[in-house]
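Pasting a structure below so you can have a look.
To keep things simple, chains are lettered A, B, C, D and E as they appear, and every chain counts its residues starting from 1.
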Amino acid sequence: MDSIPILSIVLWLPLIAAVIVLFLRERRAMFAVAMAGSALSLILSVAVWAGFSPGDGMQFRESFDWLPALGIQYALGVDGISLLMVLLNTFLFFLCIVYAWASVHDRVKEYLFTMLLLEVGITGVFLALDFVLFYVFWEIMLIPMYVLIGVWGGERRVYATVKFVLYTLFGSLLMLVAILALYFVYGNTTGVYTFDILELTQGTYGERFQLWAFLAFFLAFAIKVPMVPFHTWLPDAHVEAPTTGSVILAGILLKMGGYGFIRFSLPLFPDASQAAQTIILVLSVIAILYGAMVALMQTDLKKLIAYSSVSHMGFVTLGIFSFTQQGLDGAMMQMFSHGLVTGALFLCVGQLYERTHDRRIANLGGLAHRLPIFAALFLFFSLASIGLPGLSGFVGEFMVLLGAFVADIRIFGVLAVFGIILSAAYMLWMYWRVMLGSLKEVHRRLEDLTRLETAILAAMALVTLWAGIQPQVFIGIFTADTSGIVQALTATEVSSALIK
Amino acid sequence: METQDLISILPEIILTVIAASVLMVDAFGGQRTHRSLMGLVVGGSVIAILVSVVARVDATSAFGGMVLTDGFAVFFKVLFIAIAALSIVLAFAQSKDVPFAELSALILFATVGMLLLGATGDLILLYLGVELTSIPVYVLVAIKRDRFRATEGALKYFLLGAFASGLLLYGIAWLFGLTGTTNLADMALYVQSQDASSPWFLLGLGLLLVGLAFKVAAVPFHMWTPDAYQGAPTPSTAFLAAGAKMGAMAGLLRVVVHGLEPWQDMVLPIIIAVAVASMIVGNFVAIWQRDVKRLLAYSSIAHTGYMLIGVAVVHTQSEAGGLARDAVAAVMFYAAVYALMTLGAFAVTFAVERRTGGTDMENFQNLGRTSPLLAAAMVIFMISLTGIPPAAGFFGKLYLLQVAVNGGLTWVAVVLVLTSTVSAYYYLRVVVNMYMVEGQPRLLPVPSSTAISAVVAIGIIGTLVLGIYPTGAIEWAQSALEEVGKLALTR
Amino acid sequence: MVQVAWLIPALPLIAFAINGALGRTYLKKRTGIIANAGVLGALVVSVLLFVAQLDHAEPETVSLWTWAVSGDFALDIVLRVDALTLVMLLVVTSVSFMVHVYSIGYMDNDPGFWRFFTYLPLFVFAMIMLVMANNLLVLFVFWEAVGLCSYLLIGFWFERQSASAAAVKAFLTNRIGDVGFLIGLLLIWHVFGTLNYDEIFSLAPVVEAARPGILTLICLMLFVGAMGKSAQFPLHVWLPDAMEGPTPVSALIHAATMVTAGVYMVARFNPLYVLSSTAMTVVALVGAFTALFAATIGLTQNDIKRVLAYSTVSQLGLMFMALGVGAFTAAIFHLATHAFFKGLLFLGSGSVIHGTDEEQDMQRMGGLFGKMPVTGATYIIGGLALSGIIPLAGFWSKDELLGATLLSGDLGYLLFVLGALASLLTAVYTFRMIFLTFFGKTRMAAERFSHVHESPRVMTVPLIVLAVGAVGAGFVGVPPEHGLIHNYLHDTFLAAEFAGLVHVPSTVFVLALMAVSTVIALLGILVAYGIFMRRSPAPESVAGLAPPLHALLVNKYYLDDFYDAVLAGGTRTAGGLFAWFDLNIVDGVVNLIGLVVRGVGGGLRRMQTGRLENYAFSVALGTALVLAFYIMMAR
Amino acid sequence: MIIPALEYYLVLGAALFIIGLLGVLVRRNLLIVFMSIELILLGANVTFVGFAVALNNMLGQAFVIFSLTVAAAEAAVGLAIIVALSRHRDTLNVDEIDTLKG
Amino acid sequence: MNSETLLSLIFAYLALACVAFAVLVIMLRNPVQCALALVGVVFHLAGIFILLRAEFLAAAHIIIYAGAIIVLFLFTMMLLNLGVVERARQFHVQAPLAIVVGAILFLEFVVLTGATITVGAQGAHSPAWVAGQGGNVQALGQVLFRDYLLPFEIASVLLTAAVVGAIVLAKQKPRRPRSSSQMGVGEWMAERYEKAKTREQDPAEPR
């Protein structure tokens, strides 16, 4: 296994498929290639999972000099944290491309090319072990997403997509400056100039520098997550994005922020993280409650789910900044679950929209009569979204709360718990108004889900259920790695205490 | 004069000869010779490039230190000759409307000036290089005489350019008088041995900087840029942005690196101020532009600002060694990248102009469907100009940011990233118009031009190659500077 | 033997899975059989286990799989089998089974038949897991799952807006309770570092010693959960509305099983509760108050199922009252007997509704006894049991419960009075219901009355079986304090004994209390007879004695309106405000930044006048500034 | 040795420079603006020659030759542009030539 | 009166005349007069060059400036319509502001005069050396064609480019039947007059 650059294959396969797609003419052939590419990528990432030994740090590493002149390497590797994200990523992309077979008919070639490119970018973010490489992927993914929303989106797509790009770019460019500063600060203290993430993570940095760099990283990640008050791009982007765009956006893009916090912010800037803890916790709790409150009053289905994302991602940051094993694991699980569940919800809304051509809640109602299968699956994911125990959503939220209680930040935990009530309120209220009650005349002729659509949702449902019943299967992947991060954090706490 | 000296300016001689022969061939060859003229130019350029790389002399300078023969010069020679050739190829597409032979000759003359700017070790050569670059370009802007806007742009450019070169000349006069030399290195050595803080020195220095800042179109000396860019025929604009301006940038680098070392405390704040102003004004005003050429003009002002950061860093101190060298290399790399992507962008704009009769945003509408390849190319150029990977613009910016942070100019780096966020807005607006707006500009029955396609293709290849694997170019830029044995770079 | 315990939840789960997957397309009506089989299987295994465990009631566990390990948090999915579990299992599975059988008849014509028989076993599964949980998390998981099932079943007829509304209300109200529960759970984790029952129980005294007061907080938080699930004031509002569901569901969820989860939980955590007298007092007071409060509302309701619903709330209140005074066994005993007679009453009213073509308003019934004798007879048995007439099941348990309350000290007197009053009212409204429904002259239209018919065998047989239960179930608690159930549960509630909460009454006391109970019950029946059969005084005139009071009762103390206006309305208003804030302020700032950038750009753009002289001016000014800077630097 | 002192020549150069600069800024007529630029060049030339003599360095004088060349070249091109422009628009006023702006 | 004083007086006259003519250049209304004033500047400047013993440059200035450049100006003025120009407002609206900036620059120079000018390193071309070469012209030739041959050649390229450029701008486009260079001046003026009368806007230039 050592000799095969399996991660590179996982990473670049979609690009190869994308390039091939460019040269094809027939829709069927294009989809065949695209599906094959993403499916292989999925299978190989599962293979990586199979060959992965939890707790052994970075594995399947590859590296060679890319830009020695600037100290930049092409370095890939996975640990548990990234592996879970990669799995989620390849899984969702495969499903999205399959889904597109039924739903995308306009500019198919461009669509598939964009999607596959997006997959490369996102996978790369999770695999990169070099800061610049990481950043390259972090930004590469912007453009396909921009195109995806801008070309296949709704009426206000241009506004939404430009807002998305500018917002994200704003944060990430500041991060770039911080990365460069990191490079020099580390180099000046150790004499080794490198962008190697693992090596830079080993370094210790002065408090002032930590604060500034943390701030820059924080902006990038907070916008991505998105944390209140940096979240307003999200509803717009979601509403205007095409279905698959929303799925990817909610499913994976947001996770890049959480991933960034775990992978970079905590290990690199432990002191600054601790200094910022309270603020971030406050923001997280605000996100949870505020997002839910705003979601409650949304009239557009997608917007509602978008705001629910804000609320749910609040748990992620809450968990991460509880600085506890449980909190971090909970955040990871919450990200994984949110990716599945909210992705699925957006798929559901997309399917609904394709049938009714309407997303305004007030115009729907009683659809369960005509769409029983859909109703069941939609309910399933709605329940998963509100954190019903036994489904994946609960695991993350619960463990985050556990972490909050362990970390003696109980007040935030208690407040966050109330988000659970609100999430149930807006989700069930929405479900009631959309699916229950009496059917509207215009919707008399709706068709239930096709087999393909059912299969896609069912696949997601199965994983959701699996993660809810046996979360250990997933937690086991990364818990060793998160514990390393927590230990490092608490270690610095001790040391800084000693200094005082 | 020795053979060495002649060899050192062989590329310039070749270009002059080509220019002359182009004029001759045109004068005696009748009307149908444009294609062969282009062949002559391209072939000659290739030879000139080869000669600049191969025919190197052992000494680091020629003509008594007036002409420098180091790797820096070679780097820019190759770049400038390539830009000139591409611009001429681009102009070929409008050979029916303009006197192609004269245009080619003028471009080549200007290129000679650019090459001299890249190789100058003396203020005389700097002055002449600036003028030799400018005067043909005034004409290039006005070359479509029957268009009022072209002449208007040319007039503004000309009068302001003459004004600025007057300032430059006056400044040089003072520097000469106070040091007794015009050789940059001698000047620096003399000043270092004397008291350099006399305000009279600064008078000369300030005017010199102003003159050069005008030529690179930095705020507040930038005002001619949008008008000249918009008024000029698009191929001329392309050459103006990618060529003339980069020539001035090379000259500025020479001056800063070789001559201004003793005044670093004086140079630094001015360049930083100008850089910041350029980034802000260029990017902010570009938001409002509806004409793509004008938009690119403002963007070029902003890019000047980016590059000036690198220029500023040359004189900063850092714990990491070799900073000055890195800073210059960053500017060199960025110049190459910028030249490629901006040439490409103008080439696409030119193609659109030919097809739709204008360069307004509306003329780009629906390009994604009517001409997918062109549109895709434009997307890549826009991405590159924004500085998003995997296009070359990203590494250009990364390198600049890196030296800026290394040089302690982190706040300037922050300004750079913030303003380039703004830039994303207007670059992406072009993309929006191509793909996301339902509109259909009237298409003219114009056959597609192979010449334009070739330039676009080269731009794309260059942008992507430099974006994905820029190692070669960056290492070339860095190694080119190893031979530059001057004060600034040995720190 | 205990190793087969996993079959108990597994069988209903399998039934659910089969019905869910195949019910709509293939099984259709056959789903009923599968569901019945599943639940019957669970019942059989439960009984077998009960018999096998009859002698030693030591807790035993069955490990299934690891749920999650994260740092020092590790949790396995483990089934627990002990005395309390088994008692609950028996009650749950047997009543559930009866409901299942009954439902085959009741739901016969419903198009959602398969769906119904998918939800039912799921619910049973959840309830079984709830009682078999060995740690707090699993308990919580199924605590919520039960809530979900109630959501599904209450909203079963989803085309009705009221049903959907009731379902959402039930879920949300439960969630509010669950939040309390969850906080309690997290506190337990925080304080104890474990979620396993046995470890918590064994650590409880240590914790109380180390951090006095924390246990009270935990117990209260857990009790909030119990209030939600067991419909205690002020979280009781969902239960009456939940009658929107099909009647068997009401019987299953809202009489016998789900609502008892709270009682079960508090009983389960008796080792914690006994350490906190404050918590106990709160539990008792809330219970007693709820008992009386709900009973008063029950007096004025006209919907046959709603009366039963308030009755359930009231009875649950009595159970909590018992729990609060440490009479855990009595509470569980009452829970068990209540399950039978309340199940019976619900199914009976279902039968009435079924027989009268969906009539639920008692004011439009009357005289049905003749038309539906089996239903009527069993209903009266249930009513008597509920009222607490010797020797029916309700009597024994209620009597014991009241006795324990009386003995528990000063507060006990107050509680006893409240409980006794509630008992009195219980008898009144129960027999008001029976009289209005089955006796007197019918108030139905003749046409409809003629169509009234007895329910089919598949429905009446469960009624009869449950009636037998309602009669006989009480005997497990006879003689008082030393019955089968007392012995069986003795070890489980040992903690109460250690805490000195158990007072053994004298025989005289027991007998006297029995007499008092009976008198109270009979008095109630008599009052009901007087008012609703003899109409002397007539109900209207009784109501006219204090019109505001009557209005208060009819409108359920306006609590629902209050919640609608303040909680739901408030939340929505706040949500609207937040949404406005988000759109205009938060996003407004973002857009404002864009506007500012554009504005600055526009301003700068104006400097580009197109005029040469301005351009030259700019150059000159720049030059002047540069030189000025230099001159200043040189000085 | 030069008579009078170098400073006088420099002052003359500066005066021409500033007058030329002012002319560029205030005049509307294109041609006069252009002439003002020539004044700036003349100012530079005086400065050059003054320094050249003071320093005994012929370079200064040589530079003036180049400056003259440039001036001539600029005049040729610049006047050609002005002529070309005036074919479109009947004005020599710089503030009336403003179609390109913003 | 010694020679030094005399020379100073001559210098004073020449310098003052230079400045006066320069002021006239930027003040006079009529461009032709301005051009003549410029000639005045150049002539007096030539005198100053002679004072400085830069005889060749003096001659070159007169020949190139007065003989070529200013003639070019005058010729251009002849081509263009002067009447309109003369009547028009002569100064910009921004003139006051511009004068302020000019004043600032002037003040800067004034401030600078507070500092002494320390001239740079002495060169090798002492008057003795110049005399040895046979005078200013020979000396300049020596320097120009030996040390600064390259710039000189470049200047020639520059001039070539300028010539080409000027021709390009003056030459009529190939597709037109007759170029303006073939057109008689009178004919061309008539055409321009027509154009001016109709005051037609360039149709390709929408405002």
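Please note the rule applied: contacts are C-beta pairs under 8 Å (C-beta built on N, C-alpha and C of every residue); 3 or more make two chains touch, one makes a residue touch a chain.
Fair warning: this is a prediction, and the values are worked out from it, not measured in the lab.
Note on connectivity: the fewest steps through touching chains from chain A to chain E is 2.
Shared contacts of chain A and chain D, meaning chains that touch the two of them, come down to B, C. Taking the mean of C-alpha positions as each chain's centre, the chain lying farthest from the centre of chain D is C. A centroid comparison over C-alpha atoms places C as the chain most distant from chain B. Two chains share more touching C-beta pairs than any other pair, namely D-E.
Between the Cα centres of chain C and chain E there is a gap of 101 Å. Chain D and chain E, compared by their mean Cα positions, are separated by 6 Å. Note: centroid distance chain B to chain C, computed from Cα atoms, is 78 Å.
Work out the mean CA point of chain B and of chain D, and you get 26 Å between them. Chain B has residues 124, 128, 131, 135, 138-139, 142, 145, 148-149, 155-156, 159, 163, 167, 176-177, 180-181, 198-199, 203, 226-227, 288 in contact with two or more other chains. Contact with two or more other chains is made by residues 10, 20-21, 24-26, 28, 33-34, 45, 50-51, 54-55, 57, 59, 62, 66, 70, 73-74, 77, 80-82, 84, 87-89, 94-95, 97, 99-102 of chain D. Contact with two or more other chains is made by residues 166 of chain A.
This structure has the following touching chain pairs: A-B, A-C, B-C, B-D, B-E, C-D, C-E, D-E.
Those residues of chain D that touch chain E in the complex are listed here as 2-4, 6-12, 14-16, 18-23, 25-29, 31-32, 34-36, 38-39, 42, 45-46, 49-59, 61-62, 64-66, 68-77, 79-84, 86-95, 99.
For chain B in complex with chain E, the residues that touch the partner chain are 1, 5, 9, 16, 23, 31, 63-64, 66-67, 96-99, 102-103, 105-106, 109-110, 112-113, 116, 124-125, 128-129, 131-132, 135-136, 138-139, 142-143, 145-149, 176-181, 190, 194-195, 198-200, 203. Listing the residues of chain C that touch chain A in their complex gives 24, 65-73, 137, 140-145, 148, 151, 155, 158-161, 164-165, 167-168, 171-172, 175-176, 178-179, 182-183, 186-187, 189-190, 571-572, 574-576, 578-579, 582, 586-587, 589-590, 594. Those residues of chain D that touch chain C in the complex are listed here as 21, 24-26, 28, 33, 94-95, 97-102. In the complex of the two chains, the chain A residues touching chain B come out as 66-70, 110, 132, 135-137, 139-140, 142-143, 146-147, 150-151, 157-158, 161-162, 165-166, 169-170, 173-174, 176-177, 180-181, 183-184, 187-188, 193.
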